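Next, two complexes with chain A in common: one pairs it with chain B, the other with chain C.
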Partner chain A sequence: MTVLTSQNTPQRAISIRSPTIRIVIACTAFAVLLAAPIVLPAYFVEIGFKLLIYIVLAEAWNLLAGYGGLVSLGTSSFFGLGAYVTVGLINHAGAGPLQALAASALAGIAVAIVMSRGLFRLRGLYFTVGTLALAEALRLFVINVPWFGGATGLFVTVDLPEIAALFRYATLLLALAALVMALATGSRFSVLLRAVRDDEDAAGQVGVRAFRIKLAAFIVASALIASAGGLQAIKLGAIEPYGSFGLQWSVDPLAIVIIGGLGMRFGAIVGAVLFVAIGELLADYPELHVAITGVTLILLIRFAPRGICGLAEAALRRRGAAPREARP
Partner chain B sequence: MPALDVILNALISGVLLGGMLALTALGLSIILGVLRLVNLAHGEFLVAGAYAGLFLLQWTGIDPLAGLALIGLVLALIGYPIHRFLLVPLAGKGPEASMMTMFGLSIILQNLFVLLFSADTRAIDRSYANVPLEFGPISVPQIFVMGFVISVVLIVAVHLLIARSRFGRDLRASADQPQAAAIIGINVSRVHAFTFCLGAACAGIGGTLIGIALSFTPTSGASYLLTDFAVIVLGGLGNVLGTLVGGIVLGVLQSIGGLTLGDGYRDLVGLVLFLAMLSVRPQGFLGHRA
Partner chain C sequence: MTAAAYSAPLLDAAGLGKRYGGVVANDGIDIRLDKGRVLGVIGPNGAGKSTLIGLLGGAIAPSAGRIHFEGDDITALPASERARRGIGRTYQIPRPFLDMTVAENLAVGQFSLSPFISAATATAERRDILDRCGLADAADVKARDLPLLRRKRLEVARALALKPKLLLLDEVGAGLIDSEVSELIALIRSLMDGERSIIIIEHVIRIVKECCEGLVVINFGKVLTKGPTAEVLASDEVSAVYLGTSHGGTAKASPIAVPSTTDDPAPSPSATTAPVLALEGVSAGYGQARVIHDLSLSVMPGQVVGILGTNGAGKTTLAHVISRSLPVTAGSIRFAGNDITNEPAHSVAARGIAHCMEGRRIFASLSVEENLEVAARHVRAAERKLRLERVYALFPILAERRNSGGTSMSGGQQQALAIGRALMAKPRLVIFDEISLGLAPVMMDRLYEALAELKREGLTMLVVEQDVERALDLADTAHIINKGRITLSGPTSVVRADERLRHLYFGTEE
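What follows is the complex of A and B.
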C-alpha cells in the first residue's frame, strides 16, 4: 500500500489527545447505542444494524489494507463462513446466538491460519487475487458439496431474536472491533504492521517477523468479519451461497474504506455512514448504486487517495497553518 | 466409470475449450507482464467482446467469426481511452491504485451491462455451435474446433509479435526495465498503450468465441477473471506459449473434474488448483521467464 497511504503515519483527523477523555467518549457512545433501540423507530434500527455491520467489516478491512497493506478481495469468504457456521450451530447444536457467533469467530481464525501459508507467499497484487480466488472457491464448495443445502441454502429453524436484540449484539461486536482497533493501531504492533506494509524486506532485516505480524492482523480481521457474517445470518434467518459469499461483501468494505480514508482511524465510520446513506437514497436502483460506487472509487483514488478523512484533515491543517504563515 | 467415448469426448472438449481460455488469459497476462497491472476489469472486457459479437450478428447479420477482427478493433478502441484517462494519470502512484481503479471500472461495467442488456443469460446463436463434428466415436461441437484453431493462431501470432518483431523487442525491454528502456529511446508509454489495447482485443475476441461456444451473463466476467488467472499461474507469467499450455491443462482438468465429481465442480477444480499452485509453485509449471 505504498502510495495510497504513504504520507507517514495515519494522523488523527480530530485529535483529542487525552486517553481518559477518549475512553469516556467511546463508552458514552456505546451506552447511547445500546439504549438506542428503545427510542428509535424500527426503520432506523434496521438501518442502524446495517450500519454497525458495515462499520465492523470496514474496520477489519482497514486494519488489513490500510495498516497492513494486505488488500483483500476475500472479505466475503470469511463473511460467508461465519454465516454458515452460525446457522449450522444454531440449527444442529442448539447453540445460543452469542455462542454461535463466538464459534464463527474461531472458525474464521482457523481458516485464516490454514490459508495464511499460501496467501502470504503472495506479495501485493497476487495476494489480492489469491483472496478473490479463495472467496469464489468457498462459494462453489458450499454450492456443490451436499451438506450445505446447495444453491438453496439453509434456514434457521429456531425462533430468531428480534431486531432490537440484534442491534445490541451488533453494538457489542462494534465495541469489540473498536477495542481491538484501538489496541492494534495505538500500540507497538501498529508500528510493526506499518513497517511490514511499507517495506516487508527491510522490516524483516531489522528483525520484524513479517509473517507473524501479517498473520496477527489477518486473524483479528477474519474473526471480526466472520462474527459479522454470523450476525447478518441470524438477522436474515436464511442463508444461501450467492448472498453470503456474494462479491458485494468484499466490495462494500473496500468501497467504504476508500471513501472514508484508507489507513485513517475514522475512515471506516465516516465511509460507512456515507455509504449506507447513499445506499438508502438509491434503494430502488441497486445497479445504479453499485455503478455510482465504482465511479466514486475511481475519482477518489485519483484525486483524494486518503478519502474524506484525508480531505478533512488537509482542510483542518490548512486552516491551522494559514495564520502562522501570515506572521513574519 | 463412464464409457470410454464419453471420457475421450470430455478430454477433447477440455483441450479445445482450454485453447479458447488461453486466448482470453493471454490478454490478462500481457497486461500484467508489461504494465504490472492486475486488470480486475479483464472479465468485463471478455463479456464486452461477447456482447459485441452478439450485437454485430443481430444488427448487421455479419457472422461473429467473420467479424472477429472488427470486434478486436472495437475492444482495442475501448481500451485506449481507459488506459489514457484512467491509468496513465495514476503512473507512479503504486500498483494498488491502478488495480483498484480497474476494480471500480469492473463494477461499473458489470452494472451497465445489466442496465443496458438486462441480466438474461445470452448465447450467440450460430448453427455451428450445435452441429457436432464427428470422428468415429468422438463428437464435439464445430465451434470448439474452430475456436481452438483461431485461438492457437492468434496466440502464436502474438508470440511471434513479441519474440521476433521490433515492437516486441521494445515491449520486452519495457517490461524488464521500463526506465532503462526509456533512456535508450523506447517510447514506453506508447508500448504500454498498445499492450493494453492488444490485451483488451485478446480478451474481447476470446469472449466472442466463448459467447458462441457457451453462454454468458453480464456477471460472468468475475469467474473468467479467476479462470484466466489460474491459466496464467499454470503457464507462468509472461510466457505466451506457456499460457496456451496452461489453458489446455486447465481445460482438461476442469473436464476431468466435471466428469468425476459432477458438472458443478468444474470451476471449483480450477480454483483449488490455482490456490494450490500459488502456494506451492507461483512461477508456474514451466519455470520462470518474465
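What follows is the complex of A and C.
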C-alpha cells in the first residue's frame, strides 16, 4: 500500500507487489474482459455491464471518501449530468458514443470546478449535505427547464449499440478508472490526499494546498462518474430525471465501498462484486435485497469498519507478521 | 518591496493582535527576528503564546497588525503558502496524520514542496531527520500507534521535513525527563546553523536558557518584557508572573486560605491497617508488548503515593490498569476490600476511583461547569452544588470561566478543570497522571498547592509525576518504576536520599 520505499523490506524475486507483475495481471484481466462478451451468455453480459458501472462509481467514490475524506452524496448529480449530456449530444449533435462519453466527462469536470468553490468551504458532514443538495438542485433544474423533456425525460433517437459493445465500452472506462486510481492512490499525490483527509489544517501547515488537492480528486471522480452515467443512459436508451438523478446512484457506491473496504485499494471491486451478486440472487425479492444489504452494512460498520478488504488485510498481516515478531 | 530586503529582518511582526469576541488573546505584539537567531517566548499559561504561533504560522488570522517575512507582507497568506515560504510550526498538542506512517507524515511536506524530488534524496532526508529526532525505529509505524511524547517528536520531525527558514516550536519539551531535555537541546543546537531562525515557546526553562539568545515574555496577550535571556530570567517582574517559587529562589508564598470544610484532621497513614488499594503481582501491556511486570503496591487511606520514573517506564500504564481502562494479564487488584481485577472502568469509577488522565481529556463541546457536572451527574442537585462550590473555592479561575467552553481555556486552566472534574465524583482515591505536563512553573505551583490542600483534607492520592521534586514534596511514600518494575520504594525521605533517585534525573538508570 505504501508509496514510500522502505529499506527494511527485503526484495523478493517474484512478488505480487512488483509493479511489472501487477501491470501484467491487470492487462490480462482487461484482455479477458474485452473478450468476454464473445463467450458469455447475454444474461451474464448484462450483469457484467452493471457490475462494471458499479465498480467505476465505487472507485470514484472511494477516491473521494476513502482517500480524500470527502464523503459525497452527490454521485447521482454527476451521473445524471453525464446521462443528459450524452443523450443530448447523440440526439442533436450526431455524436458517436465515445465522443459523447468524453464530452460528459468534460461536463463533469466543468461542474466540479464550478461547484468546488462553494462545496469545499464545507467540511465533514456539511460537505456531505452540500453534495446531496447539488444532486437535488440539478434534478429540479432538469425537470423544470423545458429543454430536457421535463419529468418524462428523453429518448435516444438513433440506433443503440449492442450490449456486447457497451460491455466493451464499460471495460475501457474501468481500465481508465483503474489507471487513474493506480496513479492517484499509489503516487506522491496520494500522500498529500491522505494528509488532507487526516487533518486539513495540519496539512496546510506543512505546505499542502488543500483546495487544489481536493479539487484534483473531485475532478477525477466527477469525470469518471459522468462517463458512467452517460454509458448507462446509452444502455437504457431513455432517461428521466428521477432515474438518472436518483438517490440510489449516490447511496449504492457508498454501500459498495463500505462493504468492500473504505480507503482500501480493492475495496470497490470486492464490494461491487458482492453487491451485484446479492442483488442478482435476490432479484425476485427486492425487499429482502434491501434488508440484507442494510444488515450487512450494520454488521460491517460495527465489526469490520475497514470492510472485507480490511478483514483480509488483517488476516494476512497476522499470518505474515507471526514469524517476524518472533525476532526480538 | 523596496531596497529594504537586504537589511530587513527575516521576520518582522508589528502590532499583532487577535481577539476572540470579547477576549483579547494577543494585543499589539511586536516581534523581530534576524536570520539565524533563536528567540524564546515564555509566559504563564493562557498568556497567548500558542495564539502567537498560530498568527505567525497562518493558522489564525490576525485582527490587527502586519507580518513581514523576508521583506514580503505575508499577513494575508494562508498557512500553506507560509509553509512553502519556509515557516514550519509544531502543534503543542500533536496533530500527526494519524492513519499514515511516520515516514509518510514527513513525506507530506517533502512532496508538497518539491513534488519531483528524487526518491533516494527524499528517503535519505527522511532518515536523517528521523535519526535526529529519535524516531528512526518508528519510520513504518502508524502515527496513531505512537504515544504522546513520540508524537511530539514527530511534530518536530514533520516541521523539519519542510527545511524551514523559520521554525516555530510550541512546547516540544513538555513532559521530558532531564536526559531527554538534553537530547532536545542538542537537537535544537544542531539546527542553529546560522541560516535557520527558531522561535521556541517553552516552559522548560533549561531549554530556554541553553538555546535562546533573546527572550520575550508575554502576559495577558501583551509583551511584558524582552531582552537577552539571562537578563530577562533574572528580572523580578518575570519571576513574579511566571517563574514562581521553584526557580525564582524566593520563599514559598503565604499559606493559602483553607476552606473550613476540614472538620477532622487528616488520618495518619499508619493508623489504619487495611489498604484502600492493593495491587498484587500485576502484569499488563498493549498487545504483545508487556509494559508492567509482576508489580505490587498498596495505598493506605489518606496516604499520598508518588509514582516516579522515566518516560516509558510504565507509569501511565499503571494508572490505566488501576482505573481499569487497561486489562491485566496477571495478578489482582483490590480496592476497599473488593476484588476489582475484572471490573469494567465505569463500575470502578462508581466505587470511588477517579482518574485524572494524562492529556486532560476535557469535553470540548461542554462548558466548564458542564464538564464538572458530568462527573457528578448521579448525585442530588444540592450535593452537586456543594461539590461544585468546593471545586470553585479550590480553583477560583474555573468559577470565573464557568460558562466558557471546556477547551477554550489555557493549558493550566484545563488542567485545573481536569482535577476539579476528578474531585466532583467525591472519589475515595484519585489518580493524578502527569498533571504538570506542559504547565508554566507558576501554574504548577498553584496546582500543587491545591493538591497539598486536598492532602490536608485527607484525600487519598496516587500521583504519577515527571517532576520528581514536586512529587516528593507532596507524597508520603514513593515508588520508582523502571521498565515496568518497582525498583525502589519507601517513605519520601528515604527515597530522596537514595542514590538511585539521582539516576532518574540524569536518565542514567541501568
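One rule holds for everything that comes next: the second predicted complex is superposed on the first by the 305 of 328 C-alpha atoms of A that agree within 3 Å, B and C clash if a C-alpha of one lies under 4 Å from a C-alpha of the other, contacts with A are read in each partner's own complex, and residues count from 1 in each chain.
Here is the rule we use: a contact is a pair of C-beta atoms (placed from the backbone, for glycine too) under 8 Å apart; a residue touches a chain by one contact, two chains touch by 3 or more.
Remember, predicted model here, so these are calculated numbers, not experimental data.
Asker: Please indicate which partner A:G118 is in contact with in the superposed arrangement: first for chain B, second for chain C, both, or neither.
Answerer: first
Asker: Considering only touches as defined above, state whether A:V295 meets chain B (first), chain C (second), both or neither.
Answerer: first
Asker: Scan A:R209 for contacts with chain B and chain C and give back first, second, both or neither.
Answerer: It touches chain C, and chain B stays clear.
Asker: Under the stated touch criterion, which partner chain does A:D159 make contact with: chain B (first), chain C (second), both, or neither?
Answerer: neither
Asker: Identify which of chain B and chain C touches the larger number of residues of chain A.
Answerer: Comparing touch counts on chain A for chain B and chain C gives B.
Asker: Using the superposition on chain A described above, determine whether A:D284 touches chain B (first), chain C (second), both, or neither.
Answerer: Neither partner.
Asker: Once the structures are superposed on A, label A:A195 by its partner contacts, choosing first (chain B), second (chain C), both or neither.
Answerer: A:A195 contacts chain C only, not chain B.
Asker: Output the chain A positions appearing in both contact lists, the one against chain B and the one against chain C.
Answerer: The answer is residues 2-4, 6 of chain A.
Asker: What residues of chain B sit close enough to touch chain A in their complex?
Answerer: 38, 86, 89-90, 92-97, 99-101, 103-108, 110-112, 114-115, 222-223, 225-226, 229-230, 261-262, 264-265, 267-268, 271-272, 274-276, 278-279, 282
Asker: Per the contact definition, I'd like the list of chain A residues that touch chain C in the complex.
Answerer: By the definition above, chain A touches chain C via 2-8, 188, 191-192, 194-195, 197-199, 201-210, 263, 325.
Asker: Residue numbers of chain C touching chain A in their complex, please.
Answerer: 57-59, 78-81, 83-84, 88-89, 91, 95-101, 103-105, 107-109, 111-113, 115, 119, 123, 126-127, 139-140, 158-159, 161-162, 288
Asker: In their complex, what parts of chain A are in touch with chain B?
Answerer: Those residues of chain A that touch chain B are 1-4, 6, 71, 73, 117-119, 121-122, 124-126, 128-130, 132-134, 136-137, 140-141, 143-144, 247, 251, 254, 258, 287-288, 290-291, 293-298, 301-302, 305.
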